[in-house]
Structures are given as structure tokens and as C-alpha cells.
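Got some structures for you, see below.
Presented sequentially are two complexes of subunit A, the first with subunit B as partner and the second with subunit C.
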Partner chain A sequence: MAGLRFRAGRRFGTLAGLIGLCLLLWILTPHFLTVANALNVMEQTSINAIVAVGMTYVIISGGIDLSVGSLLALSGVVLAEALKGGWPAPFAVAASFGVGAAAGLANGLGIALGRLPPFIMTLGMMSVARGAALLVTDGRPVSGFSSGFRSLATGHALGVPSPIVFTLAIYAVAALVLSRTRFGRYVYGIGGNEEATRLSGVEVRFHKMIVYGVSGLTSAIAALLLTARLNSAQPIAGINYELDAIAATVIGGTSLTGGEGSLGGTMVGALIMGVLRNGLNLLGVSSFLQQLVIGAVIIAAVLVDLMLKEKRA
Partner chain B sequence: MIRSDTSVGSDARRRADTRVRHYLLISIVAAVALASIACNRGTATTGRPRVAFVLKTLNSPFFNDMQRGAEDAAKKLGVDLVVQAADREIDVERQMQIIENLLQTGINALCLTPSGSKEVVPAVVKANRANIPVVIVDTRLDPAASSEAGAKIASFTGSDNYEGGRIAGRFITTASGGRAKVAVLEGIPGHETGDSRLRGFRDAVRDTPDVQVVASQTANWERDQGFNVFQNMLQAHPDIDTVFACNDMMALGAMEAIRAAGKTGRIRVVGFDAVDDARKAIEEGTMAASVAQFPDEMGRVAVENAVHAIRGEPVTPDVRVRIELVTKKGG
Partner chain C sequence: MNSVSVLRMHGIRKSFPGVVALDGVDFTLRAGEVHVLLGENGAGKSTLMKILSGAYRRDAGEIAIDGRPVTIGSPRDAQALGIATIYQELSLVPQLTVAENILLGHEPSRAGWIDRRRLEDDARRSLRDAGLDIDPRRRVDRLGIAEQQMVEVAKALFRRARVIVMDEPTSALTALEIDRLFGAIRRVTAAGVAVVYISHRMRELTEIGDRVTVLRDGRHVGTFSLSEVSTADLVRLMANRDVRDHFPRRRGAIGEELLRIDHVCGPPGVAAVHDVSLVVRRGEIVGLAGLMGAGRTELARIIIGADPPSAGHVMLEGRRVPSSSPRRAIRAGIGFLPEDRKRHGLVMTLSVCENIGLPNLARWSRGGLVSRRAERAEADRWVGELRIKTPHAGERVVRLSGGTQQKVVLARSLAADAKLFVMDEPTRGVDVGAKVEIYELMNRLTDAGAGILMISSELPEVLGMSDRIYVMRRGRIEAEYDASAASEERVLQAALGLAC
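Entry: the complex of A and B
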């Protein structure tokens, strides 16, 4: 019981932070609180939010995945090359998701069976996947797709831009899996106490592999949206995306030591970063100051979180 | 659970600790709020036309000069100028977000140096839909991608990079007496500016068989990569006597690698952009030449064209800003 209350409390803290931030921006600029801008922010947040789904799984399981940005680039160029090669879109998408998930599973294999620290394995994969993406494309962006394909990112459903619809759907499924399935409980168990989980008869190594596979898959889904949005897949896409995804996850209250966290929190964390970037653009803040402010807010958000945690404990 | 910190002393300490954290937190929040307010003054509504200038980056002297030229023109013409850029030159997705965000703020015109010739086309289309005239600066939009998406621009302002590459190639041919082993440091593949310079350079040296390109690789526009890539090239081809770098940052990196190898003065370095550090090196004699662009002029012309477009006046669709070779004076 105590654990449940505790988790709810943390989520409330970050949500209050997001609302406070929105209020501040609403006071500072008339352009912030409009329907067009709200949709704009959510659309811009979608890529990071989707990458952060896999990151949340990984971090709850006690690991870290530094390769997500490179996996995004690799699955993006695989998708683009397949489409350019005349593959029907569903096959191209399947190939791209397959490559993303397979590279993620390879991460899991090295970590679970090879006993490599996740930091090292995914750091290596970050470079391997980036190199592969550059090799496949000869370093050049691959672009020019059919308007049907581009509408994946540029289309609307009931006036809502499709990236937002995708993001909500993915969060709904991923949150359900995390909270309602046996696999979801194992993810928390592995992150909380791996040894105890193993001793209670859970095949820890297998489930760890799946966790990294999920992370590769969500990177590939983000790649699909990014490629459709830019009408181009770049081998140098996604640099530093791992840092954004980790920041969204941690701001959202997921513990870097594993065992606790939630996707709702991660969504709020991603929105805080998106709103902040959007607001600083609207205010015309210098690009250098923006970096400083974003860093300060990440630190402040986690600090508030820790304080609430202390109060509740 | 065993908790040993129930004594009065550690309770007090914990309270003090919490207070310190409260202060820390409040000061961070206050700093952020103050910073936002301080910067908000610049965008206060004045009734004057607002022009947004989105650069590739602000961490490069080239774009700093462009910003200065744009600001001068804005002051002269009485318009408000908002300048923004992504942290990294290659971050197209971030540049696109910046454009989308600025379109929300009721700007009257957009000047843009595209981080990707094809990738920013959707953002230009969004500006078109909002009836905001777009002036492209420095790097052209991809013609096929923009005609397919129906993107329209009011004007383009930039240097003739192909001609600049040819000027560099002709200089190397003449200065070496027609015999040279050349290493080329390329920009990021797919960037229109770098690709044009490279084509111009290759076309200029093609007819001189003894000017050989022995190595040609990208150093991604960056100084530290220019150092490393050229050091590796020098390992593979110790007989390199000339470097052509598609920008000065890479040329300056290569110069450091030459210094480290103890070959300063024996390898002719030719760069592009003529940034301040490069001009200094040319005067010192460590660098042979650099092709000068005039980014401040590009910034100025772009803002002028944006203002013409806002007022509904005719706009020159394609402005070529002058370009020239900088070598040691009297040398």
C-alpha cells in the first residue's frame, strides 16, 4: 500500500511542475495557450515521448540504453532504403521494426548472457548502429517518399495530428503491459531485486532481453514518424536522443536505480521538456540560455521529486 | 526496517537539510523566471513588423557574422528581429521545431538557413500556409523536394559555392605550378553548400593531370575532426603537399595536425569562409588562402528582402553575394 501511495505522490509532483510551467508561460506570452500551439507542442514531443517508452522499461529494469538514438537512425535508413527500393510500405515498415527490435535484442543478449554492464553494451551498440546507418546510406540522407507514407506524420484524425494519436496509442498499450501483465511485474521485480526475482523462479535473462528488444522497437517506431515528418531519413539523426529520453524518464519519477517508475510520469516528463523548448522559442530566448534553463529545470524537477519522496516516506 | 536516526539531533539536522533544499529550489525557479522575463522584453509587442531569422547554429563565426548583418539591417529598417538556432548545425528536426514554434508567435516573415535542403521543406510549407513569406539564405532548398511539396519562397540569398570551389581549385593549380598531391576535407555529405564547393574544386583541377587528389574524406565541418582525419590521411600518404578543406574549421584542424607532425610551412592549406582565425593564419603564413564569403552581407540582404516581401514590394528572387580569394597581402 505504502508503495502505491508513494508512486502516485511522485507522479503528482511532476504533473504539478508541468502545470506550473504552463501557467508561467501563459503569463509571459499570449502565444503559448492556443489550441494550435498545444497541438504543436504535443506533436514535437511525440518522437522523444515514444523513445522514452522503451527507456522507461529499461530503466525500471535497472538498466540503461544509450543506443536508442543510433537505433532510431539505423531503423530509419533501413525503412527509407526499403521504400526507395520499391518495397510495399507494410513490408518496409516491418523490416525497419525488425532491425530495431533485433538490435535491441542483441543489446539484451550481451547484457543478459554476456553479463556486460548495460552502459558498456549499449555504448558499443550506439557506435555499431551509427556506423551501420552511415554505411547503408554512404553518409547521405535518403529522401522523397509518397504522400501516402508522409501522411503517417502529417495527417490528422478528428483534427488531431497523427503523431499525437500514435503516441497516445503506444502509451496506452505499453502502460497496460507494464501494469497488468506478468511480464510487466517481472520488469519491476528485476529492477527492484534481480536476485530475489531469479530465486522465485523467473527466467530473468530472457525477460531482460525482451526489455531491450522493446527499447529497440520503440526507437524504430519513433524513426517511422521522424522519417515521415522530415520526408527524409538521415544516418546522423537521433544524436543525443538518448539523453532526452533519459531526462524525460527521470523527470517523470522513474528511479535510475530501477524497480520503480511509471509511463504516465515519463509522458509528463517528456511534455515538460517539450513545453520548455517551445516556450523558450516563443519568448525568443537566446539559444545559449535555452540550454542552461533546460539543464536547470531537469535538476530542479528531480530535486522536487526527491523532496516529495522524503515527505511521504 | 531499522531506522536509527530517531534521535533529536539528527531530526533537527534533517529539518535544516530540507530548508537548504527549499532555498536551493526556490532560487532555481526564480532564476528561470527572471531569465524568461528578461528575455521577454525583446519580444514585447511594438506594432513593428517582426522578422524571424533561423540559423543553422550560433556556435560558428560564419553565422555570428550573418546575425550581425541581419541585426544591422533590422535596426535600419525599423523591424523587430528574432534570431534562433539549434544547438547543433546538423539537427534538422530541432530546426524544424523552432520554425513551427516561431510560426505560432505571429511573425511577418521568416529568413532561414536550412540545416537540411530537403528536410526543412515541410516547415517551409507550413509557413506558406500561414501566408508568411520565406527568404532562404546560404543553402538552397532541394528543387525536386520543394516543387513536389509545393513549397514557395520569396527569395534566395547566398554565395555561389560552386564558383568558390573553382576559385580554390584554380589557386592550387597556379600556386603549385601544376604539380600537387592534394588531400580534400569534405563537409557533411548531402549538404548542398559543401557538395557544390567540392564539385567546383574537382572541375577546376580536372584538366591538370599532375594535380592529384590522393585522399578525400569528410570531417563533418568540424575542427577536431579536421585534425584527426587529416592526421590519418598524412599517415597513409606522407607525400601530401596540399590540403583543400571545404570550410575553415576543418582547415584549421588540419593545420594543427600539420604542426603536430612538424611539417608547418611544407603543406599548402586552402580553406573556405575566411573566418578571423583563418585570416590571422594567412597573415602569419601558416595558411595559404581561403575563399571569403560575406555572411554579414547575406544577413543584411535577407532581412531587406523579407521586409520588401512584407510590404508587398517586388523581391529579387535570387541574390548572389560576392565571393573572393583571400591570400597574404603583398605575398
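Entry: the complex of A and C
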């Protein structure tokens, strides 16, 4: 389908950027292109990549979700407290996912029914969820879980670290939903032209709510991996994660005006951010300078994308 | 009143792709007169005034002010030449005061600081010149629409305007406000300013106007003194055409009642719908004529479930259609071609196939997943059937022409098994070839037993394609005609509120 071909074409530009970046780092430092380092980069990228799944849904639908970092922290501490309280792991995970999805749906409720601008609703939720996470834990980290639980993040499958396996599985499912289900199609429709989609008989408000629910859910999944990896849940976890997720999504070619974008692009965008951080570390660039470089790369990537788009139009 | 001509427009031509909007129009304006510009929708009034105000550039012709030829290349040029235009949507900044608005861009200042006293004095003087008693320190958003319009007049006077163009200035005013506005107009014309007055309200025209110029199909029909022509003459001059032959309407058998609207009232607003009842039968094209702002689109939006009615209901095939749900209206069998395809019709970022799919995906899914094959097969079928000119069904609609996009919207309703089609200006922005194709499709739909409610501002189209015609005016049904009994003149009279 040309629509899909077009989206793939867009992704190709970003992919070329990723490959170019890798080649450059390969030349600059011999440590970069090793299997160990490659797995390391992907593992470190996994959290941002998973949060960016929900962000991609939200941005394609024409919205924004600033609360993902706080929702990650809240779902993380709910999970940790439940485990500490002696809940069986599956129940604890279900409770954590439930809290993340419910908070996301609350965002959707305010946006779809209350007609609040997504920026405002999720900005408020960012503070509400953060406050709730601090209240639940009294501001202290919750640490020390069973090794079985920790193996969720520290284990391997066929030699591949499990966070990578998780990430790939989530992307596979989420991409299928986005491209092959009615809900996915409506996400594109709502972002491309909300009124035309409504007049075509689509229950726009309902689907918008679900979109934010998905975003809350992916934040909770990321929280699960982060908690298992660190063997600790922090109420102050996930600060600024919304910015990384937005950056990955936008670098990946998803339009901030909605209606266009793909998860493949987002994954490449997340990898670009991860590779860049890793490479700058390997090169011994100070963390202060790293921030500056990453910011500049985000701006440059979107600028190039816009110029390519104009040329095509 | 002297009779020096301040403005002469001669042989003005302007064409847009596919249409000649103005074909050698002459227009002369004398100092101190109120000159009415009259014509149907699309006769060229707005285009002519946009050329005068610098919004459009003319293709050919001359414009002279005080006998000197001038070039008006931009709204700035027009302002510098003393031409002010007051549009229906006012161009005041609501949060600023009356004085700040009048002097916007010309604020008197001392050492870089705005001199408030002079600002207010200057504004007060302009207000007095227009005969207005408004406190210049009031915020504009606290004023009524009539007062805002008069502030615009004062603003024009401050800018030393010699020509003021007013486009439908009274459409939102009460009788009392109209009197006040006319008072202001008389004051400025007494001071030698010329006013071009565009309106469809015939009674007002004879009250305020001195002369009238009638346009029709982009041509100058005539200029008269309003004291020497009757309203009936003017209507005849505006219409006077016989173009029915160009429309390929095949009138077939008309079946039983399909759509019935009972005493529908619309959401409050400028063009609110009041107590409208109408019927569309199978195999019938019903035209809905009227001037812009008569409430036709608002009625259409109620029928398709986009807006809730405040009273009354819509019935399809004898069953009540649940109100204010586009989804349920579609399910009941109502299809819609919106006036503004880009805003209300299509998702431009999606493909032909995906747009056709939007209301229909439930039927084309299996096990929760959209069946690409079913979707593609349906889309291909409609692309073939309606001869949608696209390289393939996966092409993004943004790349297609206006007429082709219109067919995609139609295909979507057809795929959803619509029985009744509400078409709002179905051929607007569509080239001539595609127009004929759309008329042909309308014929095929009615042959197959569908009903069509067609809103159109093009009278020839309404007369040429409809089996029956309703005329709306100010939110109400003003008249109903059988196609055989209707003429442009009669429909126009009803639309203008002159039918007896």
C-alpha cells in the first residue's frame, strides 16, 4: 500500500542517519562496534523505546503526553510496594499496569470529554502522579526483590538480554495494532483530521481515551523493566523521560501535528538517541557537553525532516 | 451632492483556473454616493471588491482614482490610496480599546512612549466625524456588533479613506442598529466619502443607496439610479438566464418517502435553523437554495448528526434517526458530501483506500484485524465504478484533484450503503469535466433508488438538477417549488425575501 510505502520511505531517511552515526562512531572508536556494546546500547535504549511506543500513538493522534515519566514512577512504586507487601508477582504486575493504564485513561477522559488541551491535562497529571508516587513511598526508594523477579530484566533468551526481547515483542504487537486494527487506523484518522473522522462515524472521543490509556500502559511496562533492572523503585524515577520519548518519536519521523508516523521510525529514533549517548560516553565527552550535543541533534533531525517534507510536497 | 467620480474601474478582468470571475467589468464611484453592488452568489461582487482592496490582482483593465491611473498591488497600496474595506468578519482587535483600534499602527508617541491623551483625542475626533457617541476608552469586545462596525467606519475615516467598501454590513444587526449604522453612513457620505454597499436586503438598498450596479456571471449588466428602477427589475437583471439544458438530469420514477425532517430547530447562532420541515423521496434530487448564511449548511449538519437539533427530529424510511451521532446517522443510511472537503470530508494524510475505509472497517475486519484484502478489493471496486482518477487505491488523497477527492468522499458513503445523500455544494471547486461526471453520478444514484438533498448556491445547478426545490432564508423554509414551476427569478425572489 502506498501509504505504508510512504511511511517506510520516511523511515529510511532516519535509518540512514542511524547507520551513518554508527559508521562515524566505528571510525572514531574501536570499542563501539562490538557485540557487547551493541547489546549494551539496545538494553539501555529499551526503557525509552518502550515509553516512546505510547508517545508515538499519542502524537500520531495529534496529542502529547507529558505525564509518562511520572506515570512510570507511580507504576514502579505501586509494583514495588505490592511485591514488598507479599503479593504474588503476577498480581503485583497487574496492579502496576492497571494503575498506569488507569492514570492514562484519566488523561484521556480529561482530553476527550473535558476538552482540555492535552498539554495541560498531561502536565497536571505529571504533577499528580509524581505526588502520588512520593506519597505512596513517603519519598523513599523501595528496594530488594527476589532474584526470580529481577531476572525479568537481567535474564537472557538465546543469548539476547531480556529487555531487548521485551522491547521487540512490544514493538511487534504495537505496530500490528497500529497498522492492522480499526483502532490503529482511527488513531491516524483522528490525528490527520479529527472532524472528518468524527463525521465518518468514528467514536473519536472513545478512541482518544484509549490512546492515552495505551501511553499509560507502556509507561507501566517500562517501569516493570526498570524496577527489575535496578532492583529498586524510585518515586523520583523517570524525570525528563517524556522529553526523551518525544525526541525519539519526532526524530523517527512522526509529525507533531498528527496523522503521520510509525513505530519503526520511533525505534530508530530511540536508537539514535541511545547510540549518541553511548558513543559520546565512549569518546569521553563530558555529560554537560552531551546534553548540548543531543539537543542540537534533535533540532537538526527535525529540521532536515521538515525540509525533505517540503521538497516532496 | 456633487458628481465627481473618485474611482473608475474599467474593463476589469480576472480569471481563476477554470472560471472567468470577472469579464470586462466597469464600475464608477462618485464622491458622496452610496453605490450598491448587486448580484447572485458568484456573480463577481466579492472578486471586484477584492481587486479594489488589493487582495487580488486584476488580469486586465484599468483603475483610476481622481482620474489618475493607479496600480493596487497589495492591501497596503489600497489603504494608501484611501480605500477601506469593512468585511463581514470584523478586523478589530477585541482586547484593545476603541481608540487603540482606530489608531492601530499610527499611535502618536512622545520619546517612544504612546501619548495616550492624543491617542484618545484623535480617536474621539474620528468618532465624532462618523457621528458616533462611543467612549474611546472602552474595550472593543464590550461593544455590540453594530458599534464595532461603526468603529470600523471611524477607523477608515481616521485613515482618510475616500472610499469605504461595506460587505453585508447589516446581516447581523437589529432594525434599531441598522438605523444607527445608516445614520453614520449618511454622515460620512455628506462629507464626500463614497461608500460601496454590498447587500442582498432589497428594502435596505432602496433606503440607503443612490445608485446600483448589477453584475451577473462576472459581467456588468447595468448601472442605474435607484430611484428609477424597481426591485422587480433588479431581480430580473440579476437572474435572466436559461441554462437548464447544460445539466444532464434524467428524471425517473419517484418512489416513496425516504427522508422526513419534522420541525427541526438548530443550535443558536447567526444562521440558526428555525422550524424546518422537508421531505426527500426515493429517486429524487431535492435542491436546497438560498443565500449564504441562510442556514442550509447548518441544517445539513443536523441531518448528518454533526450538530444536535434543539427541537424536532429526522426520520429515514419512517424510522427516527438518533440525533447528534454521525456514526448512527451513517448506520441509518445517510451519506454526506461536505462543503469543505478538506476540513470535514477527508483525512488528507491517509490514502484513498484508508479514507473509504473509515466508516466501513468493522465489516472488513476479521478476528480484530482489518482485512487488507477485503479493504483493497472494496476500494478498487469503487475506484473503478466511480472512475476515480488515482494511480492506485493506495495513493494519498492530498495528491488528487478536487473533483477526484469529491468522488472519494462519495465512494465512502456508497461503501457504507447510504440511501440518502446530503450534498453540500457538490461541485464547488471542481473543474467543468468533473462537474458533469458528478451530475452523472447523481443520476445513477437516483436511478438506483437513492434520494439526494443538494445544497447549492449556483442557481443554474439547482434548477438544472433538482426535481423539487426548497428555498431557505434566515433559517426557515421560505418557499417550495416543483422543478417545472421554478425559475431563477422566482427562486431568487424567495431567497431575497421578496416572494409574496
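One rule holds in what follows: the second predicted complex is superposed on the first by the 307 of 313 C-alpha atoms of A that agree within 3 Å, B and C clash if a C-alpha of one lies under 4 Å from a C-alpha of the other, contacts with A are read in each partner's own complex, and residues count from 1 in each chain.
Here is the rule we use: contacts are C-beta pairs under 8 Å (C-beta built on N, C-alpha and C of every residue); 3 or more make two chains touch, one makes a residue touch a chain.
Nothing here was measured: the structure is a model prediction, and the numbers come from that model.
Undergrad: Does the superposition put A:R205 against subunit B (first), subunit C (second), both, or neither?
TA: Neither: A:R205 stays clear of subunit B and subunit C.
Undergrad: Taking the superposition as given, does A:M307 touch the first partner, subunit B, the second, subunit C, both, or neither?
TA: The first partner, subunit B, only.
Undergrad: Just to be sure I read the superposition right, which of the two partners does A:A196 touch: subunit B = first, subunit C = second, or both, or neither?
TA: So A:A196 only meets subunit C here.
Undergrad: Between subunit B and subunit C, pick out the one touching the greater number of residues of subunit A.
TA: Touching more residues of subunit A than the other partner does is B.
Undergrad: Would you mind writing out the residues of subunit B in touch with subunit A in their complex?
TA: Interface residues on subunit B, with respect to subunit A: 18, 21-22, 24-25, 28-29, 31-33, 35-37, 39-40, 42-43, 58, 82, 84-88, 90-93, 96-98, 100-102, 104-106, 116, 118-119, 121-122, 142, 144-145, 148-149, 188-190, 218.
Undergrad: What does subunit A use to touch subunit C in their complex?
TA: So the residues of subunit A touching subunit C come out as 1-6, 176, 180-182, 185-186, 188-189, 191-193, 195-203, 259-260.
Undergrad: Which residues of subunit A touch subunit B in their complex?
TA: On the subunit A side, the touching residues are 24, 28-29, 31, 34, 36-37, 40, 44, 47, 138-141, 143-144, 154, 226, 229-232, 234, 236-237, 239-240, 277-289, 291-293, 296-297, 299-300, 303-304, 307, 310.
Undergrad: Name, in rising order, each residue of subunit C that touches subunit A in their complex.
TA: 304, 306, 326-327, 329-331, 336, 338, 342-351, 353-354, 357-359, 361-362, 365, 368-370, 372, 376, 392, 394-396, 412, 416
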